[in-house]
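Pasting the structures here.
Both of the next two complexes hold chain A, though its partner changes from chain B to chain C.
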Partner chain A sequence: MIRLYDWELSVNCYKQRLLMALLEVPYEIVPVDFFPGWEHKSPEFGRINPLGHIPVLDDDGFIVRDANAILVYLATRYDPTRTWYPVADPELLALTAQWLMFSEGTTNTASAARLHDGLGYDFDVEACRAGAHRLFRVLDEHLWFGEREGRHWVCPSPHPTIADLAIFPDVALSEEGGISRVDYPAVRRWMDRVRHLPGFVGMPGISPPLATSPPSVG
Partner chain B sequence: MASSRPEGQGWFPVAASDDAVAHHVVEAVLAERELAVWRDDDGWVNVWENRCLHRGVRLSIGHNEGMELVCQYHGWRYASRTAGCTYIPAHPADAPARTMCNRTYPAIERYGLIWTTLADATGSDGPPSSAPLESGSTLPLRAMAVNVPAGRALDSLAGLDLPDPNSPDGTTGGPHRRIDGFTLVAGSGEGVVVFFAQPVAAERCVVRGVVGPAPDEGATLALLRRFNRFLTEWRDEVEAQAEFRPGKRATPPPPTPAIAACSDGTRTRVRVSRRWLTARDVVAVELEAVDGVLPTVQPGAHIDVHLPGGLVRQYSLVNEPGRQDVYLIGVKLEPESRGGSRWIHQSLSVGDVLTIGGPHNNFALRRDAQLTLLIAGGIGITPLLSMARSLHRSGIDFRLHHFARSPEHLAFTDLLAGLGEHHRPHLGLDPAATTVELESILAEPGAGHQVYICGPGPMADAARRVAAEKGWPEESVHFEYFANTRPRDDRHPFTVELARSALTLEVPAGRSILEVVRENGVQLESSCEQGACGTCTVGVIEGVVDHQDVHLSERERAEGRRVVTCVSRAAGDRLVLDL
Partner chain C sequence: MEQSTESDICTDPVIRDQWYPLRALAELPEGATHHTRLLGVPVSCGVTRGRPWARTESAPGDGGTGALPVIDTYGYLWTSLGEPPPGVFEIPEYTEPDRRSMNAGSFIVATSAPRAVENFLDMGHFPYVHTGYLGIEPHTEVNPYDVEIIDGEIWATRCEFFQPMAAATATGGQMSKYTYRVPSPFAVMLYKSSPVDPERRDVIALLLQPMGHEQVVAHNFLCLLDDVNSDAEIKRFQQIIFAQDKPILENQIPRRLPLDPRAETPIRADHTSIVYRRHLRELGVNYGVVPA
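Our next item is the complex of A and B:
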């Protein structure tokens, strides 16, 4: 059984819950009292992850940490279609890795601003916000032209990849860090597409679409 | 700076037409006013204040269900076109008040952009016409949001070498023509590019370029990329310069627009736009607004139609919420017509202007049921068809059981066909067979199931009786009668005290509470005035009611907390009303 060391309000934990829901992979949650308990910084948790952060995945004794590494593991092991992490196509795989790296940027800017505003982290929030806007501008341009080229996801595949899931929560919760998305109409449409994926689950601040509402067209 | 349009007045683009894709809500800002922009399934573009009336949450994070916008937070629903509230999940059995209406702004699509104005649009001529774009096809460029004032953005562009839409590598030298403070035209001859500035805030704007005529399809993407690259580099440069500009301008307060005229439903003038025979003895009538938009439709609602000779008749709307460019009613010719249905069948023509009241909704649809059973008899299909269409769009499970004499008696078959197998006709049954069928339909009261009944008196009575026998809880069985055919007795005189108005009035034999109250200057809305629709119902504080209506349920009668004032009376000497 997969066990996910998890905190409900963590974007990086949510990325794992979302992928496992989309892949219909059963798992158990091991709640970590991230806030206010700082349990991830406790000596006990240090034995699971010496870096002292979540998420951590334990799949029958195989332990892997870091959001993107866990996404790579889950998609490679549990997606028989090989579309979420397209290992068979070198170019597509490279672009997936490229956009996974991009998500490190959105996490370190947009989600950092959220931690500042929500949990009082001591970050230079204006720098975080400016950095997020720089990335969102690039993402919106990429997705806007994608719509005109018939590409609906960040990578040129008819199927979304784990890169979409790695970026999505940072963007979808950006307003909790004071980062408006009003200038990014193509990003907002892409978010609608992610939310309409069959099996999609939300988290506090990210709602699934109405059970019956049809997906966006265009 | 040549500015003929102060910020916030006049028409400005707020989105590209392409941005408002189906089932999506665009977030936009114009002069610091936040807007939710969404296209309904009929293609109508709504531009609304971006706040739910309830808790002020942005509607742009809500759901565009097709004809209604649903707030993300507590699920309040708003109808396309009017922004009238159609449903409040916390009060699932109640019809929202007609006055609950979000603020709307006018919307016009031109040059591939969606335009609106925050000022009063009455008499306005719409977006600025841009002669170079009028003659042919247009291609909107990718919009560029810039953190500089609108005027400064165009000042900057005006002097630059811009990409020439006519040649893949050429540029078109400045200065370019400034039409006004918010419009710039570049290029000459065959192809031009026009930049419209959308003021967002004092130090922010969106520059929306439009190329005309549109290039060949094969050249489109290259042109879009070329302009996007140019504008991106320009944005980075103009923003870098702006950071060192001293003395930032204060934001002019946006003008406060007139609050959207949300009809109170007292009187609307409509014109007959279509009429046709939709079934044997049933005429369908489409009514369009003479001016403005028609008031919000809720499923189950009816209107009062004022006919010549002072006749007022009630007809249920077949419309689903949001789909209300025209009202649609079905009128059955009643053999014993008192003049209403006969006049509509024989004399009403396309182009005739009528006055209507309402819509009133005393037959509100719950939208939280696991399963909704709609039971229609004859022309009782009309309110239930409205409900069925609404449930169908929302994907809420329902069955529309439709009793009629023959296939020729089925009205609105085109709309019924759209419901697929949810529509279950039961044809040619006599009263006994109808009851047997009803017993099967209502056999098992399910948890979270709701029943709505509309039909002629005996059929509706039978359905309610069967539902009670099968153990359906009364609050799950909703009904509406066409008419009150029960015997009435208005011989008993009594006193009414109006607690809030501090009036004590005598209601003599032969007069109704409604009539006496109105004569004494107290306003009370009414519709059918025969105890069927329930519009004139008021609360009872003290006294026992002699119920003579067909609107209240058995439980409501027993509780005695409400009285239908057009027909019901005091059982004793006195009633104290919450009025």
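Our next item is the complex of A and C:
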């Protein structure tokens, strides 16, 4: 059985829960008192992850940490269609890795601003917000041109990749960090497409779509 | 943290004289200093050689710093900017030996303290905001209940609501019986039938630390009957509930609570909120509200 060391309000943990829901992979949650208990910094948790971070995934004794590494593992092991992490296509795989790296940026800016505003983390929030807007502009332009070319995901594939899931919650919760998405219409349409993926699950602050609303395209 | 402005300074005596929690003691390691704001005033607090303390830092329009009164109770460090009563309001359940008491999390929310109180008092939003936990369609009806003011506190009794997962201990749906209590203008509590012992009640409080008119720290205090779940599991449940409310609170316009009875159209289910707004009017509260 897969066990996910998880905090419900963490974007990086949610990325794993979302992928496992989309892949219909059963798993157990091990709740970590990340806030306010700082359990991830405890000596006990240090034996699971010496870096003191969540998420951590334990798949029958195989332990992997770091959000993007866990996404790579889950998609490679549990997606028989090989579309979520397209290992057979060198160019598509490289672009997936490129946009996974991009998600490090959205996490360190947009989601950092959210931790500042909601939990009082001591970050330079104006720098976080400015950095997030720079990345959102790049993403919006990329997605806008993609729509013109018939590409609906961040990578040039007819299927979403783990890069979409790695970026999605940082963007979807940005308003909790004081970052408006009003100037990014293509990003909003892309978020709507992610929310309409079959099997999609939300988290507090990210709702699944109403059953009747159609996804927006192009 | 946003800088406070002079306009966030509170001049209401009734609000300045209350006790407010600044930090859960479990989150204040010996020697650490926590910097925050209370009613527009930068304050800091800590525990030094086992003794809790709080003081003002240099405030706009003030410039002075000074020691503040401190109480250590219910697991929090409390302070006041005015002349507070001898003690914080009573929570007798806190001393019952088989209860689990903890701070489930202190979240900063871009809303006013009265808006947060009113949202906590509202059962009508359960099926829509806390779907699958505190409510579920088609069980949307709020039955009539009683509201009265006893010794300056608002009490709403005979409240009940169908809840598919009322607490971390729940194993199925239940008709939860609630009592709501507003023991001070910016603190709100509920007593709710426990899934593990129908004769006793879980106690949950939302203790608001107003940082400014439109920004609060919401301290989630729990005093529960639960010998099954870990602290992490208990906190997780409460945090999911609170995090579902947070975006709703932050998107309410205006962020301050309108006290004019004609400002927002109430329905029967809002009986407690009507009494709460009237109570704030009668106390002469101007902080975090749009005065009538």
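As a convention for this text, the second predicted complex is superposed on the first by the 217 of 218 C-alpha atoms of A that agree within 3 Å, B and C clash if a C-alpha of one lies under 4 Å from a C-alpha of the other, contacts with A are read in each partner's own complex, and residues count from 1 in each chain.
Following the convention adopted for this analysis, a residue touches a chain if its C-beta (ideal position, glycine included) is under 8 Å from a C-beta of that chain, and two chains touch if they have at least 3 such contacts.
Keep in mind the model is a prediction, meaning the values are calculated, not measured.
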Chain B versus chain C as contact partner of A:Gly118, first or second or both or neither: second
Touching partner for A:Glu39 - first (chain B), second (chain C), both, neither: second
Partner chain in contact with A:Val182 - chain B first, chain C second, else both or neither: first
First (chain B), second (chain C), both or neither touched by A:Pro209: first
Residue numbers on chain C that touch chain A, as the complex places them: 1, 24, 26-27, 36, 103-110, 217, 230-233, 235-236, 239-240, 243-244, 246-247, 250
Parts of chain A lying in touch with chain B, wherever the complex brings them together: 141, 144-145, 148-149, 181-183, 185, 188-189, 192, 207, 209-218
Chain B to chain A touching residues, read off their complex: 15-16, 18-19, 21-24, 26-29, 61, 63-66, 70, 72, 142-143, 145, 206, 220-221, 224-225, 228, 232, 394-396
Residue numbers on chain A that touch chain C, as the complex places them: 7-9, 31-33, 35-37, 39, 116-120, 175-176, 203-205
